[in-house]
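Below are two complexes that have chain A in common, paired first with chain B and then with chain C.
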Partner chain A sequence: MTTAVEDPSSAVHLWRSTPWSWMRPEEAEPTSIRMTLHPVDASVEATLGAGSPDLFPVVIDGPETTLPDVDDIARHTLADLDGAPMRLDLKGDHDAVVNVDLRAAGHVAVGRLHIACNGRAVVHLHLSGDAGWCGLHLTGQVANGCSLSVVVTDELHLESRVLRCDDWRIGRDATFETGTLSVGGFRRKSDLRHHLDATGGSVRIGLAVHGQGTRHDDHHVEIHHHKGHTTSELVANVACAGRSRSVGTGRLVIDVGADGTDAGQVFRNLLLSQGARADAIPELEVLADDVSAAHGAASASIDSGQLHYLMSRGLDHDEASSMIVEGFLADAFRPLAASEARRTLRDRLTVHLDCARIT
Partner chain B sequence: MGGGLLDVKGLHATVEETEILRGLDLQIKAGEVHAIMGLNGAGKSTLASVIMGHPAYAITAGSIHYDGEDLTEMEVHERARAGLFMSFQYPSSIPGVQVGTFLRKSVAAVRGEAPKAREFRKELQAAMEVLGMDRSFLGRYVNDGFSGGEKKRLEILQMLLLQPKMALLDETDSGLDIDALKAVAEGINSLSEESGVLLITHYNRLLELVVPDVVHVMIDGRIVQSGGPELAQRLEADGYEWLMPVA
Partner chain C sequence: MSDEARDAVGEYRYGFHDPEVATIRFDKGLSEQVVRDISALKDEPEWMTELRVKAYHHFMERPMPDWGNEALLNSIDFDAVTYFLRSSEGTEGNWDDVPDDIKRTFDRLGIPDAEQKWLGGVTAQYESEAVYHSIREDLEEQGVLFFDMDSGLREHPELVKRFFNTVVPYTDNKFSALNTAVWSGGSFIYVPKGVHVEMPVQAYFRINAKNMGQFERTLIVADEGSSIHYVEGCTAPTYSTDSLHSAVVELVAMDGAKIRYSTIQNWSSNVYNLVTKRGIAHANATVEWVDGNIGSKLTMKYPAVLLKGEGAHAEIISVAYAGEGQHQDAGSKVHHLAPNTTSNILSKSISKNGGRSTYRGMLQVRPKAEGCRSKVVCDALMLDADSRSDTYPTMEVGNASADLEHEASVSKIAGDQLFYLMSRGHSEAEAMGLIVNGFFEPFTRELPMEYASELNKLLEIEMEGAIG
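After this line comes the complex of A and B, so read on.
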């Protein structure tokens, strides 16, 4: 590290359930995550190339750099490790999914990617590899009137640790939606932040987490409504088996004057074993007067009525349970309007669960 | 076991330690349609649930044999694979599970092998036509956001695809408009002539479209009267007062 940054204490909200000491990369020469853009239709423009550090919120400009907020230690670390950020520029309307492979190898793999959308596109970021520690920082800008769907799936090695940060800015009358299927790695911390910067903007987030063994998955999702007449929706469905643990915190901030905001978030946890644990903590900070803001959280085991119904149709106990779990996780992607995004996530989910059953 | 497809003898059953069925006898032979009518709380739905093996109910006495086998020894899915089907009064919704996927897996489980895609599509299309259902149904999540009528149609669609030997239809007619009722009745009537059917209903209107061989009246956990279709007509006209035990 080029700058001295103190570790946040466990009293810091963001790091309460997953201490920074669990996520800090080991001392090793970092390698860049290899990013590969699949061929796209010739009628559209998608270019992947070198980005610049100022596309990311934390810029390291010397040993005197200080963190504006202790919460930013993850972003700072990613900036410190990654000397070669990338950017993906999307122009025009993309009917097909734009696929980008992110391959993480080595002891410590790090990558930063900025996506600039000036049109309509669905992007699938597929993270894979056997890196012991993987750090990924995604940022993006959805231009006024544009629409971007970002699907993130990962098949990282089961023993990987994963640190992910997102920072998205959404323009006037623009739509950003993102779906994440979180199944890879044994310990994961994600800090995903979304900023609705202008009126008419919309954010829709679907998050499905599958915990197995002793997997630890901590998702912190922030949505900031800086302007009025903006909408947001977050659905996080978590299924935990074995002795896995999941933490989901949703921070919804509606700024002063952001009247006409319509926001909702729901966290649902499905506990599949006695040893599994899932915590859901939705938080609201509403500083405007005329808004609609709803939040909820629920935890339960598999519904006996659903189980009986499916078994009455010939499925044995395991088949019925699997179907319920798959459906529950797939339902997290309900907020996403882009059918290609939903289909991509659904297909990956099916493959993941099939593999999980076999192993 | 008396030669019936379904033989229920002296059945007592409880839910949360409350006795609901109090010595019920019923025999249904292959190809017969039976109807059970009765006041709310008489135990009609409990009977169907106990036969299907719902875990909330406990059998405390009596027996249930199906096709000569002791049904109480079978798991729920084994009952389904043996040809027993129940149409639920309030079917569960399964968010995230598409109807098409669910039907294909269910048919594969009951038949013991996955149906060939093209044949299954044809079969499905034919069954959906009988019930006047749109193909868009297949992409929706099972019973999620369905109207009452849509749920009942989906239940009967499953019955047509699974072609059970014995169908238990629990208030399949409730909440249906006239067109939906006709479609559902057509579905029931198109079941194999060898199939046994137990209709649980409050009203005679379904029995005018699906004519039963035997009508039973259930009161307080027992069958107290059995007869032909005319019994249903009398109940429609006179109610249950004349059958109630004298205090």
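After this line comes the complex of A and C, so read on.
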């Protein structure tokens, strides 16, 4: 058990848009998320087994990154619920995608997975099930010179609440990519942190969010450049329909002495209905001078010129809108270099939008 | 730095201080009695006294903000501040009648000269109250009211009561509560319907005494179809102990009116500058903030516009220069409350010698605000490895028809730009100065020429030592 943490007030930045009281798990016996490693190519060295709780820190240490406990209440909670920590070890160069199914069932489902990469790999984590509350803590270490792409998709029940925390550490000359397609669940809070610990490290993040009904989706993405000559790119594309709400916060921190850093982040919001709402908060904290750091945010409705173009070629309004939304969301995965990762995400996106159209 | 620039402005040339002149000086520290005494001294109507007392209690109960530079905020010793100091028996309308000591100060600041050349009116505030005030006769004849705030309340209490505390209520934040409790001085302007004040009017605020708190309150109301440009300048001497400047500015632009509020704050590095500035723009009205921040120990200032009427427009242009030991926490807020409202925000900052500049912005589109457009651009230059630049913008979009853009970048001066200028005979320092002036050019071109020229020279001085 970890030390109890006070509930954060609504003034705490991390919990301002999605109060902790919305995300706190209900009082129920937690069940562990069932994790299954799908059969993989014989050449792939991937093993999934029990992990140690030590792999899931509740406070992330590092230069300028020790955060007050109140920011880590989600991590404390996930540690308290335990969720039988697991560990996925990846070795060698993998061309094939390593698929891991995460099945969440029961009132409260929790899972913690650590991924250690000592080679080149693409991992697809597919979250599904009908859990009322689902908590997931992902941590990982990309070893020096290695490359890891992690794709996260979910088909959780529309009534689920989802709490996700990520802590990734990227070594010297290592590359970490992650793509998330956030379409499941009723209410979601993600707190994703990435640490570039050594020179030459690189992070690329693609995030696509589709809001429907009254879905609430809050993604907080932190990227810490602890050392110089590191790069990062974040693209977050959000399409909100119905009365859904999306919040996207990007916190980009460049530490003292991290010269030669090249960092950028873009948040784009597409509002599809009058009741939808999308907030973008891209933040920069730059403590080194020889850097290139930029961010941008934009919000608009569907461009009438694009609609007109597609409709003049025979599509009806809904088909044309849907095609534009699909192209817009798929563009979020542009930063990912691994074509397998991009393809996996696009396939899932197409299936999701087809289903959404039918229903 | 060129000799010409040095001759023009000297080292922080407003760092001088004259012997303190006080006809009334309150003891340090704040209490309900101090608040009531200030009100009684000014012989204010009861409603104002009660408002001050309510604001005082709110200030005492409200905690310090738990964001921003908390370390510096919490180091303010409110008990060490003098909340009221009267330097002159009254506000003079003739420059010759201003006490000699004070007149000398403003002579050195160039106020009488500027008034003769290019201003429509002037208020000069020394410590807590205005010591000099004048307005051109032709403006007076057109019905323009331009008073220091104390006189405005005395002469036009109903008009002041109608608008005072409506744009920035004392409950807005801790420092707006403090200002409402102990305000003194500032400007009150009312521009009647359809009147265009062609020449800018200016207020100059000077803190001279040690540990002084200056809490001026400015209210500008531009009635339908009118326009005005108000210019504000601030300086203080360099002392080893800190001073507190906590102003509140309220602007009301009625239908079709236009208010431009230009500020150059050049405080010395021992001043806490914690200011709340906000304007309301009614239908088809425009509110513009042109805001320059140089100096101070900590500045927290986020000029805001509430776009309340259809077709209203907001324009905010700000620059900040954070030097050694300084934190410029500035930004802007625009709330699109009505349909077809538009806004432009441009923010530029430079950090040097360990200085920290922060942009904190809020752009909000409310659900009923159809067809809004906004563009926000933030650029930051870092001149050395000891400095810091932060950007915290927030975009909240509640209407699908909104078209918003935000972009920000942080960088250093490009080597090829320096090389280009140096290959044409400039020294490295001159080249860097030229680039910085160019970086701030979108701001300086919005200022009256005299101000723009002064700002460029000030920047040149500040840039000294930026190389190596």
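Everything below uses one rule, namely that the second predicted complex is superposed on the first by the 345 of 359 C-alpha atoms of A that agree within 3 Å, B and C clash if a C-alpha of one lies under 4 Å from a C-alpha of the other, contacts with A are read in each partner's own complex, and residues count from 1 in each chain.
Just so it is clear, a contact is a pair of C-beta atoms (placed from the backbone, for glycine too) under 8 Å apart; a residue touches a chain by one contact, two chains touch by 3 or more.
Only a predicted model underlies this, so the values are computations on that prediction, with no experimental measurement involved.
Engineer: Quick check on the superposition: with chain A as the shared anchor, is it clash or fit for chain B versus chain C?
Structural biologist: fit
Engineer: After the superposition on chain A, what is the angle at the C-alpha centre of chain A formed with the C-alpha centres of chain B and chain C, rounded to the nearest 10 degrees?
Structural biologist: Approximately 80 degrees at the chain A centre.
Engineer: Between chain B (first) and chain C (second), which does A:315 come into contact with in this model arrangement: first, second, both, or neither?
Structural biologist: A:315 sits against chain B, while chain C stays out of touch.
Engineer: So, A:105: does it touch chain B (first), chain C (second), both, or neither?
Structural biologist: After superposing on A, A:105 lies clear of both chain B and chain C.
Engineer: First (chain B), second (chain C), both or neither: which does A:37 touch?
Structural biologist: The answer is neither, since A:37 touches no partner chain.
Engineer: Looking at the overlay, does A:356 come into contact with chain B only (first), chain C only (second), both, or neither?
Structural biologist: Neither chain B nor chain C is touched by A:356.
Engineer: State whether A:48 touches chain B only (first), chain C only (second), both chains, or neither.
Structural biologist: Neither partner.
Engineer: For A:326, is the partner it touches chain B (first), chain C (second), both, or none of the two (neither)?
Structural biologist: first
Engineer: In the overlaid three-chain picture, which partner chain does A:158 touch, first (chain B) or second (chain C), both, or neither?
Structural biologist: A:158 sits against neither chain B nor chain C.
Engineer: As a test of reading the superposition: which chain, chain B or chain C, is in touch with more residues of chain A?
Structural biologist: C
Engineer: Between chain B (first) and chain C (second), which, if any, makes contact with A:280: first, second, both or neither?
Structural biologist: A:280 contacts chain C only, not chain B.
Engineer: Smallest separation in Å between any Cα of chain B and any Cα of chain C in the superposed model?
Structural biologist: 16
Engineer: Hey, which residues of chain A end up touching chain C in the complex?
Structural biologist: 11, 13, 256-257, 259, 269, 271-301
Engineer: Along chain C, where are the residues that touch chain A in the complex?
Structural biologist: Listed in rising order, the residues are 66-67, 367, 380, 382-385, 387-412.
Engineer: Of all residues in chain A, which touch chain B in the complex?
Structural biologist: Where chain A meets chain B, its residues are 303-306, 308-317, 319-320, 323-324, 326-331, 334.
Engineer: Spell out the part of chain B that touches chain A in their complex, as residue ranges.
Structural biologist: On the chain B side, the touching residues are 52-56, 75-77, 79-81, 85-86, 88, 91-97, 102, 105-106, 109-110, 141-142, 158, 162.
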